[in-house]
Structure formats: C-alpha cells, structure tokens
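So, here come the structures, one by one.
You will see chain A twice below: alongside chain B first, and alongside chain C after that.
Here is the complex of A and B:
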C-alpha cells in the first residue's frame, strides 16, 4: 500500500504532495511544509554525520506501521514515498515516479522548475502508477488512526512556520517526529 | 542513472539514437543520406524537451493566447515547408497531387508517418461546410507531455501541427487556413483535430476537375 507521495525541491520546499489513503487523518497544509522542511534538514544532517564519506543521506525511515522512502535525484529533488512496511519493489516504484515526473513535469513548458507542481497529466499518471503498484488504501485498512499516537504529541495549532516542536518535553527521536507529524498510528 | 535510456519509447521514435556523443563510425547527421530513413529516427524525449523550450521561448514574446497560437503556427510552417521538400525527394515515384482528397490522404498517411511515427487517426469532411476537412490525432506527440494550465485553457499546442499542415497544403498549391482544436473523446483526452479550410480558388479549381 502506498500512503503518500511528496516531492521536495532542492531548497527544501514542498512542491508536490498527494495522499492516496482514505481514512487516514490528514495533515494541515502547514504541517506538510514543516514535514518537508524537516526531512530536508534531516537528510542533509545524515549525509554529513555518516561515518562513510560521500554518503547519500537518509534513504529510509522505518516505523512499525509505515516506512518513508527517500530518493534524491542528481539535481537535488527529493521524492518521498510513504508506504506500508510490506510494500514490495520500492526501488522500481521510485524509478517509475521519477519517470512520471520527468515526463509530465520537466517536459511541461508551463511548469517552472523548483515551483509547486500543477500538472494535470502528472496527477493522472501518478494515480495510475499508484493503482498499479499497490492500489489505493481501502477505507477499512488497519492503519486508520485510532491509536494513542495519532498526532497527540504534536501541537497542530499555531505552528505557523515555526520549526517542529512536539508539545511534550521528550527529545524528539526520528521516528517520533515522523509518526507524530504524519498522524499515523504506530 | 541515464534517464534517456529508461524512459519509454514513443511511436517510431527510438531512444537509442539519443546518445549525446556520436559513436565511432557514425556520421554527422548532416552527412547522412537524405533518403535513408531506417534507424535515423529522433528521440521523442529530445523532441519533447525542444518543443517545451520552443513554447517557453515563444510565450515570453507574445501578447495573449491567440498570438501564441499564431506564432506556433508560424514555427510549424517553417518545419512543414522543409518536410514537404524532403518527403517528395524521398518518394521515388511521387506524382504531384492535383485533387484535394489525394492531397489530404498524403498528409494523413505519409506526412504523419514521417513526422510522428504513425498515421493520423481519422480524415473527415465537414458536414456543415463544403470547404472544410478535418484530420484528427488521438494522441498527438506535441502535446503528450504538456498540461495546459486553467488560465490558458483555450491554448492548443497542436497549432504547431496545424502550421506544418498549412505549409504542406500551401507548398502543393492548395492554399488554406489550418487551425487546431482539442476535441477530447473517451479514452483520448488529448485528441486534436486539425481543421483545414480551403481557399475559394481551390474549391473552384476542384469543380473544374469534376
């Protein structure tokens, strides 16, 4: 199952986001931006602190209920894929998403690079792709938010472009940020 | 990661020919024989990128959508007039078309096949006007990767194709006005109809042949 696809430009701005799951709780548009910016930062940090020189940065972030896969292109655009931990052939899916992006965004004369993606054909073909690789999440999926996690430790109101600050005092560990930010059950 | 190799091929276009560097023994494109067509197809992706740039370039230099379509038509005209010469040179036993139907059929089959790698999907005569004919393409290669935004929704990038057709009609002594229209049907949202409105003199001449 594929939950969401995000595209982050090389400056860390969110240029595309799409949720493919019904029944999962939604983020506010501000939270999407914060998630993208945070991931961008985490990605930059992880590539610096890696003991192996020339490391690519974070590629996958795993929790009990979902994984966030990240693929960075040579130009610095990042594709984020939020999927079921059991979702097979992520690499292939990622490559297909990149192809779709190259076809319907990069070759589209009305699409400015690094700007939010408004391309009807991209939407259509991405949806088609998601349907072929995993299908849309049915409303009765087991990950519908009802658990104790469900964005309870994330102050959703008045974040106003501020860095993510979980309202509890625990130092945020990586999966925590993601799971709380996404509002998915863990 | 080489994108060019991983993208799907479209129509008769081959991405193998899209290599940036000429292979050893391969001749410069200008030195190749004109009448050899096999294996000399152009990458559809390269074309898509170029057409995209053409549109962006043109868009900066026009006022309004109609002006943009007119400019695209002009660009197509320049392509068409050259393509016509090439097609007639390549066709060993070509004869000069004198009748409208023969001419349109030539565009529908030969021209489309050479330029877009497939025949056009339909050739019809208008029921309302004697002097109007329509050639339709279900999935035109020029607008395959283009999503026209809402504020310029009247724009049809097929104006470029219309220009090509206009040049070929002109070059064969069938002066006409050619325009492109989006006529989506089930399963083919990009379907484009090229409307050919023949000049009066062509209709009069056609009457004499009867």
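Here is the complex of A and C:
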C-alpha cells in the first residue's frame, strides 16, 4: 500500500504531492510544505552526523505503521515515497517514478524546472504506476468505508441504462429467483 | 556493527556518549576536559587527534556540536512522524547508505539513540532493555545520582554511577551484531 508520493526540489521546496491511500492524517498544504522543508534539512544533517565517513543522507525512515523511502537524484531532487512496511519492491517502484518524472516533467517544455508540477499526464501515469505495483487499497478493504460508500452511491445515481453495475444487478436477481421458484412449485 | 550511542534528557542535553567502532581506523580521541569524553577502552587509543586517521575528518565538529545535531535530527523526525501518522506512532529508526540510527524514547522524555551499520534489524528492544535494566537500576535508583543533579550537568558519570558505563558496555558487547558487519 502506497500512502503518498512527494517530490522535493533541490532547494527544499515541495513541487509535487499526491495521496493515494487513506491511513495517514490529512495535512493542510502549508503543513506539507513545512514537512518537505524539514525533511530536506534533516536529510542534509544526517550525512554530517554519520559515525563513519562518506555517508549519504537519510534513505529510509521506519515507524510503527509506515515507512518513508527517499531517493535523491544526482541533481538534488528528492522523491519521497510513503508506504506500508509490507510494500514490496520499493527500489523498482522508485525507479519507475523517476522514469515517469523524466518523461512527463523533465521532457515537458512547459514545465518550469524547480517549480510545482502541474502536468495531467504525469498525474495519470503516476496513478497507473501506483496501481500496477499494488499501491492502492482494493475497494473491498473494510477500513475504507468512505470510498466504498461513495462508489456505491455513484452507481445507483447513474443513468440506470444498459451497463449494469454489480450493485444494481444484485436487487433484481432476488425476484428472479423467487419467481422461478414459484414457477417450479406451480 | 554497533558504532556509538547517545542519551539525551528532556532539556536537549547530551547526558551520555559511548563509542565502540567509530570508523575502522584509530579510535577518536577527545579532549580530556570534555565531560563527555569516552573512556579509553581500546588498548592503542591515543590522546592526540591525528587528522589523517580521524574518521570525522573534514567535518570539524566537536562532540558537543555533534550531539546537538543528532538531537535536532531525532527531534525533527519524531515531530514529522507524529504529524504524519496517528498519535501512537513512533519513530523507530532511519537508514542511510552507511549507518542506521535506532531511536527509543521513554515516557519521561529521555531519548536513547544508537548507531549501527545499515544491515542490522531494529534495536529498539535493546535500547529499551538498556533503559529498564541499566539506566533505571544504576542511575534512577541511585540516590547519589539525584543529589548532585544540576540543570547543566546531568552526567551519569558525575552522578557517581560509574557502573552505568560498564553496564552499557557489557550489554552492547553481548549483542550478536556488535562485531559482525
């Protein structure tokens, strides 16, 4: 399960943040900026306080319920991936995120470097990536009542046309069984 | 491989420092008048700081400054985790390419920090054990330790708890990951 992805530019400013799963507390946009700045500073200090020479900055932060993985590119951009402790193949995911960033942000002529990322293509491809690595919680997860509820709502408030959604097809199937049973009895 | 350990009190004061494998070269020697100076446990430790073998070369940082930086890092990360996660979440450890920092905080605000090589599993249980079995027994329960308690100088060694350093030393050396890399 992937909770969120942040991208911090080389000056410590937050240029991109996106939440994918619920479970962590919601922050205001200002708090996200503070968080990014704090992490940037801590990252710089952690390489200084190393007991052995030549250490990099912080790469993985471990807590009881989540882990923050940090990948710093050679140009100083930092990718933060907040994930479940059980989330597999983080390195691969991180590499893919970097590829997506290179394809849809770096190669985008309208993207100002070091500025907040506003690219729909980047959003779409990042979401697709998170889905393929199993970063999203399946809708049947009992902990996420909210999204399940809203999707059911969406289905019933739809046009009610030909494409039958699972939640719509369930109630009509009950009378069918009943009537067929009656027919057999008669 | 265990590198070093810090204990901080609630007032951001580094009250204890101990190092075991501080780099693989000669042991760093700190100035004699430093209250936190590590005792010469290694046989060949010298009191002169040689710039070539000093693992902290190029950093030009005294132990006091380093302690403040370590405190700042764990304090910031603890607050970051508290803000991002739920209230009972705690910061356990972080890892860089060369070391892993383990963290344990008691309810009274005492912070235990231990550095090891990055391959080590969580040592939070060991830090907790150091607190409950060594710190509580030898410092908290020591009446002489409390008698000389001053805001500026809360050092287990000046508190007459000489056994504490020996106890920590013995405990950490008994850990399986102490020597192995």
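Operating definition for what follows: the second predicted complex is superposed on the first by the 132 of 186 C-alpha atoms of A that agree within 3 Å, B and C clash if a C-alpha of one lies under 4 Å from a C-alpha of the other, contacts with A are read in each partner's own complex, and residues count from 1 in each chain.
By our rule, a residue touches a chain if its C-beta (ideal position, glycine included) is under 8 Å from a C-beta of that chain, and two chains touch if they have at least 3 such contacts.
Predicted, not measured: the structure shown is a model, and the values here were computed from it.
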Room on chain A for both chain B and chain C (clash or fit): fit
Partner chain(s) touched by A:33 [first = chain B, second = chain C, both, neither]: neither
Chain B versus chain C as contact partner of A:109, first or second or both or neither: first
Touched partner set for A:54, first chain B, second chain C, both or neither: second
Touched partner set for A:83, first chain B, second chain C, both or neither: neither
Touching partner for A:2 - first (chain B), second (chain C), both, neither: neither
First, second, both or neither for A:97, with chain B first and chain C second: neither
Contacts of A:15 with chain B and chain C, given as first, second, both or neither: neither
Per-residue touch tally on chain A - higher for chain B or for chain C: C
Chain B versus chain C as contact partner of A:46, first or second or both or neither: second
Which of chain B and chain C A:120 touches, first, second, both or neither: first
Minimum Cα separation, chain C to chain B, after superposition on A (Å): 16
Interface residues of chain A shared between complexes with chain B and chain C: none
Chain A contact footprint on chain C (complex, rising order): 3-4, 19, 21-24, 55-59, 61, 66, 69-70, 72-73, 76-77, 79-81, 83-86, 88-99, 101, 115, 122
Residue ranges of chain A in contact with chain C within the complex: 24-25, 27, 31, 35, 38-39, 41-42, 45-66, 82
Complex contacts: residues of chain B adjacent to chain A: 1, 3, 6-8, 45, 48-49, 51-53, 55-56, 59, 145-149, 152
Complex contact set, residues of chain A against chain B: 74, 95, 98-99, 102-104, 106-111, 118-122
